[in-house]
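I am attaching a structure below and will ask some questions about it afterwards.
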Amino acid sequence: MPEVYVHAVEGRSIEQKRALVKDITDAVVRHFGAAPDRVMVQIVESPAHNKAKGGVLFSDR
Amino acid sequence: MPEVYVHAVEGRSIEQKRALVKDITDAVVRHFGAAPDRVMVQIVESPAHNKAKGGVLFSDR
Amino acid sequence: MPEVYVHAVEGRSIEQKRALVKDITDAVVRHFGAAPDRVMVQIVESPAHNKAKGGVLFSDR
Amino acid sequence: MPEVYVHAVEGRSIEQKRALVKDITDAVVRHFGAAPDRVMVQIVESPAHNKAKGGVLFSDR
Amino acid sequence: MPEVYVHAVEGRSIEQKRALVKDITDAVVRHFGAAPDRVMVQIVESPAHNKAKGGVLFSDR
Amino acid sequence: MPEVYVHAVEGRSIEQKRALVKDITDAVVRHFGAAPDRVMVQIVESPAHNKAKGGVLFSDR
């Protein structure tokens, strides 16, 4: 609490994820005054054929 | 913006997904006045053993 | 089932919402083979000061 | 309607899931007065390398 | 962790909500082996004019 | 794309929100390689009587 969900097309490395959740957590602690241990961040990955922009699947671009 | 999430049990074909995201995007553009390129649609698929109706998993039906 | 969530900045009329949920429901029935009465659509509205693009709140644009 | 989403790190057995969705559905029926057949429960599983607490991925703990 | 989201049309009393979050939390603790203090439950309420079944808004039923 | 949702109990100021969405957006750009204008951040606020930890509503704490 707070809980943060990041929706992205799959394909990022573990290093990218590790760095992202660290920086997002720090931002929530700094600006929302949350205790670090209370901040949850979840990356919700989606295959490119399950996500679209402008009505076109990312797998069709 | 807007962002649309469709939660469904897995198993639809790429053709079904392609058609669905196209028509949903068109509906958002037509009724909410959004620029097409700004509309995001994501299909969030779930295995049948992770979703239930009436307290019974779809994999148990 | 399926369940559809549309995230948008608040301000659309009831007529716009009525038309959008109708067309989205039709699209899910047509392409995913769902029974109409099983399709749920929810519009999740957000105040302009709670949503951002490019790191800038919509209320600051 | 209502719709319930349970976000958890992956790894629970089908028996655990079956019991959880049953008890959550019963609770929604009992306290919110919903018809059982109208209650949807979905378990959204996440790999341990996609979820973090305190800025640290569960796969790094 | 886990995090539970209950989507419902607005109108339940505080007593109903208090009872629901208690029983859902107990179910998650019992079946998923989570520490009680780690279980988050959030009720996401929606006005009747923002939610539809079968393509018809709840406010139009 | 990506889309970020921050779930929190209501009560933060516009300054806190402005700072948070800026820093989260910067983190997504830096670590996930997204174009800034493509990053959406939404703060989903909840009244204290709609959110619970350990089975107890925040309004009862």
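Each chain carries a letter (A, B, C, D, E and F) given by its place in the written order, and its residues are counted from 1.
Everything below uses one rule, namely that a contact is a pair of C-beta atoms (placed from the backbone, for glycine too) under 8 Å apart; a residue touches a chain by one contact, two chains touch by 3 or more.
Every value quoted in this text rests on a predicted model; they were computed, and no experiment measured them.
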Set D-E beside C-D; more C-beta pairs touch across D-E
Report the inter-chain centroid distance for chain A and chain B in whole angstrom, where each centroid is the mean of the CA atoms. 19
What's the distance between the Cα centroids of chain B and chain F, rounded to whole Å? 23
Two or more other chains are touched by the chain D residues 1, 3, 7, 24, 40, 44, 51, 53
In contact, pair by pair, are chains A-B, A-D, A-E, A-F, B-C, B-D, B-F, C-D, C-E, C-F, D-E, E-F
Would you mind writing out the residues of chain F in touch with chain B in their complex? 1, 3, 40
Touching residues on chain C, where the partner in the complex is chain B: 1-9, 12, 16, 19-20, 23-24, 27-28, 30-32, 51, 53
Give the list of chain D residues in touch with chain B in this complex. 14, 17-18, 21-22, 24-26, 36-37, 39-45
How about chain D: which of its residues touch chain A in the complex? 7, 44, 46, 49-57, 59-60
